[in-house]
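The following pair of complexes shares a single chain, chain A, combined with chain B in the former and chain C in the latter.
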Partner chain A sequence: MVHIKRLQEDGIDNIVIIGEIDASSSIELDLTIAKSVGEKFTKIVVDCTALEYISSAGLGVFMSYIEEFRDKKINMVIFGMKEKVANTFGILGLADLLHICNTKMEAKILVNELSV
Partner chain B sequence: MRTKAIIRLAFLGSIVAWFVLVFSDVTVLFSDIKGLQPDVPLWLPRVMLDLFVISLYYYYKYKIEKDEGLNFTDLLWKVFATGLVVTVVSLALRLILFLLGDTKLPSNVIFVDIIYQVNLALLISFLLAAYTSWKRLILYQKSKWLIRMWVVFELSLLVVLVYDSVNFIVGEAFSASLSFALALLALVLCGNMKWVAYLNFKQKWTSLLLLLLTFFYLGYFFYTVSRQSDFISAQSGAFLDFREHIFNISLFAFVVTYSVFSFLVILFNLPTSSVFEQKLEEVVNFQRISQSIQTEQSEESVYNILLESSVSSVFADAAWLEIDGTNKDHRLFTYQITEKEATDIRDHLKNKNVKGILDQGSDRTRNLSSHLASLKGSRYRSLLAFPIIVKGQTIGTLALLKELPEGFNKEMTRIVSTFSNQAGISIENFRLMEEAFQNERYKEELKIAKNVQKSLLPDRLESDSDFEISAFSESADEVGGDYYDTIRINDHQVALIIADVSGKGTTAAFHMSQMKGIFHSLAQQELDPKEFMVRANQALIFCLERGSFISATYFVINTKTKTIHYARAGHCPVLYYSAETNSSGYLKDKGKALGMIKNKDYCNHIETNVLSYLPGDIMVLYTDGITEAKDQKGEEFGNERLAKILCETTGKSPKEIQDYLIHKLYEYSGTEEINDDYTTMIVKFR
Partner chain C sequence: MNYQYNIGCSLENLKGIRDFIRGSLEGQGLSDVTVNEIVLALDEMCSNLMIHAHHCNPEHILELHIEIPKKKTLVFEIIDDGKMFDINQFAEPELDNLVHEKRKGGLGIRLVKSIMDSVEYIHESNKNICRLTKKIP
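Right, the complex of A and B next:
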């Protein structure tokens, strides 16, 4: 089960993921990011500090937005991943295609830098 | 066949008995008048009468009583027909007498006696026919006590019959009390009128008519036979008046009593017969609604049945049924009212804030006529509305209208409430069935996917003098597919692949078959693993959906150069045991999964790696189902544990290593049901 929250501050959309992302809850993640894109946010940070596990479906969600973000000049930074989760991203090679940081502060700085 | 024979025999028997009766009675009478001693015994006429009665009894028993096909009105018609026949015959005799006029014959006692006997026989046969029919009516709804009473009654009649023919005299008090008991019994039996309730209005009128005619016949015969009997008695003392036979009187009284009772009961039930018919129709309608789930194809037919049934049971002038369908579509079924009128009334009441129409338990018969009257152009003055409830939610409204004010009573409310409840249940069942059906289809789909996955895996693996391979794969339901395969490229090169498709169900199975096709076609081209991956990626861009990717590792083992060339596309890192250093470790390399980079740029994200192998080396390929398997505490199996297990079994064959690994895996997770696909392919070099 997953619980996804959105917080907007300083023009950045904070998406906070709590719990596990499996095949069915990945749809919720997809919808949340879609909503963010729809509301014309160009700076998105994803808080994964409370993310316990992510399945291939969840990874697929992140993967599917890479091209769209590039076209629409949206920047997304993911931060706070647990070691297991980061490992999964690393093996797949998704880590290189996405921006990943350790802390929220780093993420905000990075996303602002990218948007310039 | 047997019945027919008995009927004929009985009829024949009665005819014979009657002839003997007539003969003997005439003889006795003649002898008496002439003052002679009769040649026949005195008891003969009486015994013959008994036999006559008994034969006729059996005749009617098999003709009427045992005939299954007769319903109530048929029985009455039979009695009427018999009565008609005997009356006609009797009237014919009257006619003959009349035609004979003042000649000597009509005044001859013997002649009159014969006529009398004929009439008496006709009367008795009519009485017996009626008696048998009444018996069927009385015993329509049998109960143990009723049967017992009837048997006692019939036996008593038989006893009385026999008593009449023998000269056995019992005391007056005794016979009086017996007669009283018999009469009482007969009265109780005559109280069984349940068959009347089952007649409809028309049948009741027909029955009344038939019974009236029966009274006429009985009256006529009684009069005729009595007259003739009086005439003969005046002339001869030996003549026994039929009225002195207790049997005749009892039978006559019984038939008359039951006819009278039936007549009165039917007559007084006429005003209420419509209610019975109504009740019967309600039950039939109720059954229709509750069975509509099996017999009907759609929710709509249930609604139509509900509308029809409700309208007919309360005699409504118009009705409508509003339903919020499963797909939020709004439907309106109307009866004798236009859609516009219906919506007008509904909106009008809503505007007037008339509450409590749809609440369960509210007094629905409240007078809404004033509200309805205020709506221009509406001719209705009474409204009865019910909610249709499915799974605790109101999905619609049934509204019944009448032009009369206060046209609905509590009874009607009760009936329609039952209907709408049952309709709600039927619809709920209907929707549950649909859901179950969908679930079945989904499960079928998964079964197909699982079978496809299984069929795509190879049944035999390539082997070589240089290495031995063993592989194992198990899929969980609802999870994406693992794939592995081997192919011999030429005499010194063998290609291996292990892959994991993201997604689940049928989509994953299809992607797996695409991967298999790509593997088999590209591997033959003796490509460098990086090139293999680049081309595979290019092919898959057009097949994979948004958010889907495939992780894979592709190997080419060259037994001439003793090297392994491979490319890892986002798949779990290869575990390699080196016999020389007696240590195992994960190979370091880079590569993104297939389908992530949807253009030619992918070639910058994948590389070929090379290593040489020595005899005793072991390569373990696996999917994340192995390393991510959780134990009871939720901890993952992990890469370290896998490496350690490999080290424990380096001397064994690939199959043995595989079995040991799987065994350890089950042991770790505490169950053989791993919640993911898991695959291992173990290559041992020799």
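Right, the complex of A and C next:
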């Protein structure tokens, strides 16, 4: 249903989501982000180019880390969402609470700028 | 056209529900975004019912009906015999509160109410019928 990979590059933890995130699979996203935080990464980039679907359970995972990231000065940037997935974030107004951009290059630049 | 799908209350079955809805809406000339919104709203409703009314017991069955009439108001019904879980009884949580409380739930109801034009409940012959409608262009 969902496959999540992590790749480390230039001090950035890249989380790559492939497939669909719903109430049964959101735990995998949660565990992956928790691992990244546990390993003391302060720059996290989430690649959504192969994310086909996300329900509120997955959105809730991103939301639940916002305060912890502020406290621990961790920056996370999400990129590459398909229009239908971006629309789901947009319905709830989450684009104002999360850092979202189009390409991996933009995401890397933004996560580095936010960390200065 | 009318479509029906019966499924056990396991969260593992949500994927099958989404595929059924996508298949039923094929050929209606709807955009990817609209189809995804409808799939999302029904996924949220079914997962809420599975979790809160049926405690994810796969032997409990949800019936999903889709009616696509010519007048282009799509009608969706989710029928079950569990405890009624009426989303109209729940206030939509403020986003700021969800962030502050680090809550992972509570967004689904807001999504359903934003996407669907109406959500109503009927109790009939010991069954709960949740009827959702969506006008399409």
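Please note the rule applied: the second predicted complex is superposed on the first by the 116 of 116 C-alpha atoms of A that agree within 3 Å, B and C clash if a C-alpha of one lies under 4 Å from a C-alpha of the other, contacts with A are read in each partner's own complex, and residues count from 1 in each chain.
In this text, contacts are C-beta pairs under 8 Å (C-beta built on N, C-alpha and C of every residue); 3 or more make two chains touch, one makes a residue touch a chain.
In this text the structure is predicted, and so the values were computed from the model without any measurement.
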| item | value |
| --- | --- |
| Which of chain B and chain C A:1 touches, first, second, both or neither | second |
| Of chain B and chain C, the chain that contacts the larger number of chain A residues | C |
| Partner chain(s) touched by A:31 [first = chain B, second = chain C, both, neither] | neither |
| Chain B versus chain C as contact partner of A:64, first or second or both or neither | both |
| Touching partner for A:84 - first (chain B), second (chain C), both, neither | both |
| Touching partner for A:20 - first (chain B), second (chain C), both, neither | second |
| First, second, both or neither for A:109, with chain B first and chain C second | neither |
| Partner chain(s) touched by A:93 [first = chain B, second = chain C, both, neither] | both |
| Contact residues common to both interfaces of chain A (with chain B and with chain C) | 23, 26, 30, 56-57, 59-61, 63-64, 66-67, 84, 88, 91-94, 97 |
| Chain C to chain A touching residues, read off their complex | 11-12, 14-15, 18, 32-33, 35-37, 39-40, 43-44, 47, 50-51, 95, 98-100, 102-108, 110-111, 114-115 |
| List of chain A residues in touch with chain C within their complex | 1, 20, 22-24, 26, 30, 53, 55-57, 59-61, 63-68, 82-85, 87-88, 91-94, 97 |
| Complex contact set, residues of chain B against chain A | 478, 480, 500, 502-504, 546-549, 551, 569-573, 590-593, 595-598, 605, 624, 636 |
| Residue ranges of chain A in contact with chain B within the complex | 23, 26, 30, 56-57, 59-61, 63-64, 66-67, 84, 88, 91-94, 96-97 |
